[in-house]
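Quick heads-up: structures coming right below.
Each of the two complexes below includes chain A, the first together with chain B, the second together with chain C.
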Partner chain A sequence: MRASAFWRHPQWWLLPACLLLPLLVVYVSWGQFDARLWSHLATTVLPDYLLNSLLLAAGAGGLAALLGASLAWLLHFYQFPGRRLFQLLLILPLALPAYIIAYSYTALLDFSGPLQQGLRQLTGLGYGDYWFPQVRSVGGAICLFALVLYPYVYLLTRAALAGQSPRWQEASQILGVSRRRYFWAVLLPLTRPAVFGGMALVMMEVFADYGTVQYFGIPTLTTGIFRTWFGMNDRSGAAQLSSLLCTLALALMLLELYSRRQLRFYHAGQAGKTLQPQKLKGVRAWLATFAVSLVLWLAFFWPALALLVWSLETPAAWLSLDYLQLLGNSLSLAALSTVLLLVVALVLVYGLRQGLPAWQQLLIRLSGLGYAVPGTVIAIGVMWPLSAFDNWLDLFMEQQFGVRTGLLLSGTVLALLLAYLVRFLAVAMQALESGLSQIKPSMDQAAASLGCSRWQLLRRLHLPLLKTSLWTAALLVFVDVLKELPATLLLRPFNFDTLAVRTFELASDEQLAAAAVPALTIVLAGLLPVILLNKAALKN
Partner chain B sequence: MLTIKQLELQYGQTRVVQDFSLGLATGQIGCLLGPSGSGKSSVLRAIAGFEPLSQGEIWLGETLVSAATVQLPPERRKVGMVFQDYALFPHLTVAGNVGFGLHQLPATQRRQRVTQMLELVGLAELADRAVHQLSGGQQQRVALARALAPAPALLLLDEPFSGLDADLRDALARDIRQILKHEGITALLVTHDQHEAFAMADQLGVMVQGQLQQWGSAYELYHQPVNRFVAEFIGEGHLLAVQQLAGQAVTALGPLPLTAPADATWLLVRPEDIAHDDDSPLQARVISTAFRGSCYHYELQLLNGELLSCQLQSHHCHASGEWIGIRAELAHWVLFSATGSRK
Partner chain C sequence: MLMKFRLLSLVLLTSGFASTQAAEVNVYSARQQELIKPLLDKFSQQTGIKVNLITGKPDELLSRMQSEGRNSPADLLISTDVGRLYRAQQAGLLQPLQSNTLEQAIPAALRDPAGHWFGLTTRARPIIYVTGKVDPKDLSTYEDLASPKWRGKICIRSSDNIYNQSMLAGMIAVLGEEKTQAWANGLVQNFAQPPKGGDRDQIKAAAAGVCDIAIANTYYLAAMFDDAKDAAAAKAVSVFWPNQQDRGVHINISGAAVAKYAPNAKQAAQLLEYMTGADAQAWYAQTNHEYPVVQGVARSSVLQGFGEFKADALPLVKLGELNQQAIQTMDKAGWK
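This part shows the complex of A and B:
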């Protein structure tokens, strides 16, 4: 591209640069280093924050890896009753945000919950007569995270196993290698990158979580950022904590990238005849069915059914003005963000297709980083520059014209939209890019040679071909925005509530039954992308 | 070394191979040739021990390895196999792949054997490369080295050259034959490409629809095909109808010798059986020509509509549509009955 043309297309360098700004801001905040604050933090809460965050991530990551990999392995190699159905159902937990399963389980398992009541009636024991595990603990959080996040590991491992050539097993067999050695020397090393990649995604989600840990009262980096911002009113401190969390998340993203690159070499391509799963017989078959059903019951059906039952106890809540208001807020906010996200993603994706100079391509790639970064961090990164601008403008206007503008931008929906844009841009870009990659440059050339103008090309060729990816991208980001909690909590305008925010507030006030209606709405919306994912998987 | 008796293979209800017998002596290279779906790969997989037999026997030396009730597991057969897609392990280096089947050897001996094998296939300097960094031909050699490393009694090769460029194929086929002959390895290869088969094998078999039609040398398959299947699958050529005229068997090229059997219906004519002769009364029209460097390949049509092909010096050119004089120069008569079997 010529130098003169380069400055004429600010959308391909200014736009991605702006989207990277919130991430840079949290690091820039170290310019206002306050030694007193940090020595205070270091001697009091910081070790807890770090330790708990790491403990939760490692524990949930490990447990999810174990669960997801064993499920993928069981379903890939063995045939047992219900296998085909399980293949579809096992990704259902993706529809449950961790904070929602946390409230459901607290209600299900606490002293007055149905399980303990049932146990007391059965055994005749009373309060204090028996020990029952506490859900609201680090261990409880680890288990719940693992239950809803294992599908990341399961999906990646399943794809890796499907990409392995059945010839590898035959080649090992004919070389005199036992099944056990084949497992350790071939199968495990070839699947390991997929398991690690999935584990990295799980840990990223755990780092990003605010709703669960806040509700369980576990001090972590995310709750620490909220506390430092609101409780101590120390903005640079919150931003500096955010930069710590951001670094951890980006390190995990690198691990995920690395494992994905390895997997590319490990994929056998067209594997020819696929492996026939081995048929389990008798007790072992039913044991497998039982084990998978148990995971599904615990990770999805029990908490989701509980939400359904609670929400039907107060059927009027579904029609209350309050709920409809929430629904309207959530839907319109999600719709607005979706449109914005699609437009920006389209512009950037087309830029990549134009063959931009390498540094601009890198800039566009980097603008997708937000997906790895916790919403809390992005919220802080958005809030900081906007409020600085507001303060500057307020001061300027007062001095010049005697008019106070107050918080012009930072308290508005604009801040929220910007945060969603940064957080979910990668999702939209990925979906659109895969669609656009199917439109080969030779097709453009063919259309041009047949007399299509650029506008006609877009309308007659690209739009029809991109339709599916546009809908996919729209659905994915719409639901993601609908579920988002921490950034919404930090940035929403005063008195502007969404379904996610209200669920969190009601649950925090121990009004678990009342939280069921908005929570169930979020879960139902979350089911849409899961269905989409299954449809795509069935096609292959 | 390898003896197969009356082999029959079934997938569910469909019989993919039947009444299949052959023998391969130690040090010989055999080849199964046939169109795709003819069951040749199934035979190979049955010898390796991946497919159960519904009937028949497979013997390796003095050991019965497969029968309807016997199936020695693949790892105990001492058989090596080169897979069509090579099936190299992507997480291991070249040396790691070659040494994969040598796990029972102590480390130093294993290293020695790996080096020896890599030298044999000419890849010694690539030992530490990752597999995906190699070209197709190099990957193929690694697969061969890996299969040969445990010193198998029999080596099986399943379409070993199908993923490679035509130029590379010929060169590799020659190289591999040399390696196998030098090491005295008994091998059985499966392919649909007869050039490959002729370049590699001592003994060849043509398989059609699950049955072995003929087992013999390349010369026998080409010049003495047992039936029409083999004649049409191997080499180029056309069949001319044989008619009885006044007690004499005649084709469009002229009368057959008196010794010809009475029920012969088809005569096989290869391109080299036809010579160009401007003075010959026998005329044929040129339908198409193809330049092949050393010669011109002509498709010809006789007056009665029957087709022939012939090869002429490349300096000698005729245009399509032109009538030219030809003469039959058959060194021997290959005749088939109405059912297609050799007379």
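This part shows the complex of A and C:
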């Protein structure tokens, strides 16, 4: 693309630049470097912060990739009892916020929980007499994160598999390639971008987590940010720690890009028929059913059941909630921001395909970094420029016309939507990009040579081919917004609560039983869209 | 699609101009909705003043006020600890309020001398021990908990928590930094397990046999009696009031303050006064088991069961001033 074309497409430089603004705020903080603070951090807690953040992200990312990818492959290629139902159920853990599953597992498995108490009553052992895995540990956190986050990998891999032509398999069969070899030589490389993409999302989500690690007492960069900011009242120190987190995410993103630097994955065109899954028989079929059920039980049914039991124990909590309003707020916010996110992500991802200059491509990639940054940091990054603008305009109008405009943007739903956009753009982009990367550029060229405009190309060729990816992106983003907490908490207007906000408030006051009621409602509210979107994603 | 969105955002924008015709008051509250809304509703009923509410974490609410500047709609800031009120005052976010009603109702130690903030309830952080397992005669002061006789017997939550930070700040104010550091080092040696979970979790761990002693706020223990799941653990422990021979047990407050740029300062003062009224004070004492700041208000039976105690009379401002030092002390002690 020539330099003169540069200014013609503001959507591919101005838009990502604006989205990056909240993140830049954290880097600007290095202007105020406090050597005393940093020497304190470096000699006491910083090594722990870094080590734990990296361990958690790598562990949870790896485990989630293993779980998500195996499940997607299993369900794609084999037929076994319960398969159709599993296709739907396996997405459900998405609706559970990680800190909620952390609370419910702690209640079950902790020393003072029913399981260990029962064990002690049976055996007569006391504290310290026996070994039992600690839920509230780095290992425990890795397992719980993997359990609720594997759907990212599962969904992206599933979408990638759905986009594969069965001809790959037919050709392999004709050439006498064994099943095992087919898996390693064809399937794995073909789905690798999706698996890695999903894994990167999981790792970023883990970087940004605050609720779980704080409850588990694991010091990470995120807890360090809040400790420095709230506890030591050092905002620039907190912002500097945030920039470390941003940089880690950046490294992750570059690594992911590098891993597929020379790979190109395209359909071999639209194949006539779809692949029929192979039927598993006997023990192997039931083993498959059992394995998938086990994952589901651990990741969804057990925690959901615990929430249900707790909420039945506190019938008063059901009555005290203004359900319809909370539900309405949560759902409309999620729907609105999903639409916004999909449009913006599509525009940006589309730009990546246009052979933009490298710096523009990088800019677009960078705009997805918000996913690894704690929601609170993003919220501050959004709030600060918005209210600066509001206050500037207010002053200007007063001086010029004697009219005060007050706060126009901050404190409105618009600020919230903006924060969601910055925070979750990576999710939508990742899902769309892995879909778009499978469409051969030669198809674009063919369409262009037939006189298709760019708009026609998008509408008539890409959108139909992208349907699965679009629905997948919508599903992920919708549920993410539904359970989003920190930015909502900080930016929402007066008298505007969501289910996640209410859950958090009760849980933070250690009223776990009462918190179960809104938490369960988040799960229920997430179910219907998950079912609908999943249906749409599978149909295409 | 884009057009639709533009329209929508316009609608959303205009909805931001809430009318300021009727009498109303805007509250930024670090106290969660469940523990404030019933009172606000009663206030609205009595006075006809509409109350708009945003809840959130205290420091985030401060950040919001700060960035909103002179256009901030906040009238009243409600906080669950004194550290944040102090911080808000330091950041120039509060205005002083002269009110005879408040000055008569609230003891001087529990409010800012210049009237920038006022305590509404107090919460104490005593030693909680397993009944029968620990002889209360062996307990005396917070300082004593660092002695080797308690090796592996103490449960306390993470140093991320403001209540621990305030407790340490209170000790630094009295004992100085060096002694407090030595104390924190000793206490960490005595931990039964790495700190995790909240205050309730410490009490439950003690009841289950992980440790003999837990340090937790009174209202967490009191609330456990109301919760079918936790009542058994609450019944297994007793409260010990430490340092009764010298400075008294560590306390903190929940409190409120009028914002610097409050558009409805008069209504904010009215609401503040209402919250120190007999009704409101009794509600906190009964529903959330907090100690009222106003003398002579009936407490819940659970609170009465904990007995009377001497509270640390340290001016609460100190807790705010020393918070950062407290954290650095805990960092150095390896208190996770």
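We adopt the following convention: the second predicted complex is superposed on the first by the 294 of 540 C-alpha atoms of A that agree within 3 Å, B and C clash if a C-alpha of one lies under 4 Å from a C-alpha of the other, contacts with A are read in each partner's own complex, and residues count from 1 in each chain.
We take it that a residue touches a chain if its C-beta (ideal position, glycine included) is under 8 Å from a C-beta of that chain, and two chains touch if they have at least 3 such contacts.
Treat the numbers as computed from the prediction; the structure is a model and nothing was measured.
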Chain B versus chain C as contact partner of A:339, first or second or both or neither: second
Which superposed partner A:139 touches (first chain B, second chain C, both, neither): neither
Which of chain B and chain C A:178 touches, first, second, both or neither: first
Partner with the higher number of touched chain A residues, chain C or chain B: C
First, second, both or neither for A:167, with chain B first and chain C second: first
Partner chain(s) touched by A:118 [first = chain B, second = chain C, both, neither]: neither
Which superposed partner A:215 touches (first chain B, second chain C, both, neither): second
Of chain C, residues touching chain A in the complex: 1-2, 5, 8-9, 12-13, 15-18, 26, 32-35, 52-60, 63-64, 67-73, 87, 157-158, 160, 162, 165, 194-201, 204-205, 207-210, 220, 223, 227-229, 233, 323-324, 327-328, 331-332, 336
Chain A - residues contacting chain C, complex: 40, 44-45, 106, 110-112, 117, 126-127, 136, 214-217, 219, 223, 226-227, 229-234, 310, 313, 320, 336, 339-340, 343, 376, 379-380, 383-384, 387-388, 390-391, 394, 404, 406-414, 417, 489-490, 492-497, 501-502, 505-506, 508-514
Contact set on chain A toward chain B in their complex: 165, 167-168, 170-178, 181, 185-186, 189-190, 265-266, 268-269, 272
Residue numbers on chain B that touch chain A, as the complex places them: 48-50, 73-77, 79-81, 83-85, 87, 89-91, 100-101, 103-104, 130, 132, 146-147, 150
